[in-house]
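Please read through the structure below; I'll follow up with questions.
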Amino acid sequence: MEFKACQIAALIGGTVDGDPEATVSNFAKIEDARPGDITFLANPKYTHHIYSTKASIVLVRNDFEATETVNATLLRVADPYAVLSVLLEHASQALNPLPTGVEQPSFVADGVTVPEDAYVGAFAYVAQGVRMGRGVKIYPQAYVGANVEIGEGTIVYPGAKIYHGCKIGARCIIHAGAVVGADGFGFAPLPDGSYHKIPQIGIVTIGDNVEIGANTTIDRATMGTTTIGAGTKLDNLIQAAHNSSIGSNTVIAAQTGIAGSTKIGDNCMIGGQVGFAGHITVGNRVEIGAQSGIPNNVADGSRLMGYPAVGAGDFARQAVHLKRLGDLFARVAKLEKRSL
Amino acid sequence: MEFKACQIAALIGGTVDGDPEATVSNFAKIEDARPGDITFLANPKYTHHIYSTKASIVLVRNDFEATETVNATLLRVADPYAVLSVLLEHASQALNPLPTGVEQPSFVADGVTVPEDAYVGAFAYVAQGVRMGRGVKIYPQAYVGANVEIGEGTIVYPGAKIYHGCKIGARCIIHAGAVVGADGFGFAPLPDGSYHKIPQIGIVTIGDNVEIGANTTIDRATMGTTTIGAGTKLDNLIQAAHNSSIGSNTVIAAQTGIAGSTKIGDNCMIGGQVGFAGHITVGNRVEIGAQSGIPNNVADGSRLMGYPAVGAGDFARQAVHLKRLGDLFARVAKLEKRSL
Amino acid sequence: MEFKACQIAALIGGTVDGDPEATVSNFAKIEDARPGDITFLANPKYTHHIYSTKASIVLVRNDFEATETVNATLLRVADPYAVLSVLLEHASQALNPLPTGVEQPSFVADGVTVPEDAYVGAFAYVAQGVRMGRGVKIYPQAYVGANVEIGEGTIVYPGAKIYHGCKIGARCIIHAGAVVGADGFGFAPLPDGSYHKIPQIGIVTIGDNVEIGANTTIDRATMGTTTIGAGTKLDNLIQAAHNSSIGSNTVIAAQTGIAGSTKIGDNCMIGGQVGFAGHITVGNRVEIGAQSGIPNNVADGSRLMGYPAVGAGDFARQAVHLKRLGDLFARVAKLEKRSL
């Protein structure tokens, strides 16, 4: 598919600054773009690339002022990143159209209704009592256990597994290999040193507009529910243990682990490989740096970093002090010598 | 299902303190419970909740003495948590009954016998030479490679993968997405900087009563076997590398990694996101805090924490000292000034 | 299969020092070996085992000189580990022969050609437009999305998932549960605190001779491609985020995470559980210790360790200083007292 600058401007409502006939067929980052690509400039840090980019069209803010010659045709819009996102969505749907219908062989238990605009891929398993909303897409080799509920428009990608009884909201995306509702890790120690499994009879409840990354695992509750709030986005390979709870519109990067019964608030931003201890409460609007270890409760609006975590500023100072620690030992030794 | 306090007491042998007709149909944690729920009090930290809980029935120790008014009916037993566990087991089997039979389409190689009370779900693959004990449950989309042995009563949940030749004990639970027996990470460097793959011809041997969490990976040995001892419980997203060995009745929390040839003893408790270096030996009854890094051998009964790990007490002191480190720099600077 | 020392020597060109009729049927590590096993001695650290090993045959360097009695038959070769590797390869192919043909039921979209010597296992899904080279092996329950290209001789193990449009080189191995090409973690914040998904329309490009471990996840690019260079080996449970790039012949141990747009060079050796921040560049021939956190660019040939990472030597010194930190506080307090 090829588009001209003037066509895109008509579609999205921007103004062309350059050749209205400039033609593009692909997207690229500003530093990688080649002729025929469209790109965007949103972060001022990347402004210098606009003078060397080979892109044919660059989306820029309405108030962008070039200080050198720009070869690309500019498309001036209010919010280049938002416009890019709209264009990408069109492209994405063209590249990877959502399928419809029931492929064979698949397994849909007796009594389960597949809405007309839904999809059940080959080798997908939909157990008894499953209820799925309009437009739900169950990709090949996915597993939907007994009595699971899936809200409308939710996509379950290939091989994702949802254990019995879990509730998934509308317009969610569950990526390949994610496991929702496996047993929580609960065992009672016996006098002989062995362990007795505590049955995990709770569920997992996932709100609307949640994205769950590839191979992420969210365990079912012992009793009650493990909860992921609406609008929350989980990256790949994350662990959310039984009875943990994550609020709304919180984003968590890959490989982070949340131990049992821990509650994380709304609108938090959590880095990758962070570990949360069990039975703690993390407030709203909390930001936590990558690889941090969080042993205790965290107040609303905190910014933490480190293992064990401290304030982000303190972490930076600690790192500096650690580098000078050898020097400090030498200084103290010198003082000791002098004071003899 | 509804049960009365007197019925439960008859079933489990406790004594009712309150209304014998109190009726429950669900389980809940003491702080979350609503009317119609049964809950329990085992940890003294939670005692204050018993005066405000909305639960209809609370399991308590025989010697529990209320210091305020309790609205719930109490069921006095020797060990509330153990009794709860028995009740949960009944509920769990009712909510998620174990299936039986061979669903179609599934793949069972010629010559493989599926015992009468076993289950092979749709889209499961059971390769040639597989031997499975009575009551083995192979859920949909699970893969059991050639010549694998699975002991009686073991459950292989949806999409778990067991490579050829591995041996799984009796009454194990292998959760969705777990991978047992993928190749160990072994490569020989060549003079040109590239790597030659060392074939991994060993197996994985898993003892009886082992639980393997969702998306956990246990690599096959280069030669010989990677071993998980009887009664050991592994949480989700754990990595056990080739020729590693974990003893009996050891519990390991999520996202911990064990490098090649490392041996961990019996009755250990390992936190989440811990890393073990390769070729080390960790003794019995060792406790290791979350996110620790273990570079060297660990003696029996050690309690470690940190990166690199030190004694748990030393770790706490280090954390305090680190917080005061800026202060120490200032104190030394002051001394230096004074000593001029 | 049984082999005599003289037969193996004829096969691989070594010289027998001992009984040419010594017979072996299995491989083992030198410390674990039993009669009937062949083993090897490459690492001098293990030399003492040769005097007690129960192995029937030991591969040793041509210049090995025994200082005590050796019971095993020695097979002298230039490079014992390389020879072992050749023997293991023979054994591996006998134990786990590569399958051929199309098993039923499987899903191969109309118009896709399965080369004669390729394999598509039962319940595998091969979508429209897929192109696969000679000898490609798609194991059961694997998913190959629309328009994916797979080079000749590549093995896709059970349950691995490759999303649409990705390009996989020749002679790669993708282990069970690995996910290639799931959406990158890209969201634009909206004024109300919610997030808008940025469509991820790029792909993943994997070079020749790459190995991808079990349950490792490699996200597709937002635009352009996420890249894994030729000869690179990734262990299990690794996360490579969108638009990240790893060079050639780099080895990365399990559970390491690489954030978005980060570039790692050629011939690097990265330990397990390492975290790389986003948008950084790591040079060639870099070595990074396990569990390190890499916040910034790294120069060619660096050796780093720690969180945040410092030079490997500095890390060791820091650890020593940390252990003596309590002592330092005491020394400073003493000086302060004295200086009053």
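Letters A, B and C name the chains as they come in the text, with residue numbers starting at 1 for each one.
Everything below uses one rule, namely that a residue touches a chain if its C-beta (ideal position, glycine included) is under 8 Å from a C-beta of that chain, and two chains touch if they have at least 3 such contacts.
Just so it is clear, the model here is predicted, and its values are computed rather than measured.
Participant: Drop subunit A from the picture, leave everything else in place, and list the groups of chains that still touch each other.
Facilitator: Connectivity without subunit A: one piece.
Participant: Do the two copies subunit B and subunit C share over half of their interface residue numbers, or under half; same or different?
Facilitator: different
Participant: Can you grab the rotation angle between subunit A and subunit B? Superpose on CA, round to the nearest 5°.
Facilitator: An angle of 120 degrees brings one copy onto the other.
Participant: Can you compute the centre-to-centre distance for subunit B and subunit C, using the mean CA position of each chain? Integer Å is fine.
Facilitator: 26
Participant: Could you list which residues of subunit B touch at least two other chains?
Facilitator: Residue numbers touching two or more other chains: 105, 123, 141, 159, 177, 215, 237, 255, 273, 307, 322, 325, 328, 332, 335, 339.
Participant: Using the touch definition up top, name the residues of subunit C that touch subunit A in the complex.
Facilitator: Listed in rising order, the residues of subunit C that touch subunit A are 105, 107, 123, 125, 141, 143, 145-146, 159, 161, 163-165, 177, 179, 182-183, 185, 187-188, 193-201, 215, 217, 219, 222-224, 237, 239, 241, 243, 255, 257, 259, 273, 275, 277, 293, 307-308, 310, 314, 317-318, 321-322, 324-325, 328, 331-332, 335, 338-339.
Participant: Write out the stretch or stretches of subunit B touching subunit A in their complex.
Facilitator: 27-29, 32, 81-82, 85, 88-89, 91-92, 95-96, 103, 105, 121-123, 139-141, 157-159, 173, 175-177, 209, 211, 213-215, 231, 233, 235-237, 249, 251, 253-255, 266-267, 272-273, 290-291, 307, 319, 322-323, 325-326, 328-329, 332, 335-336, 339
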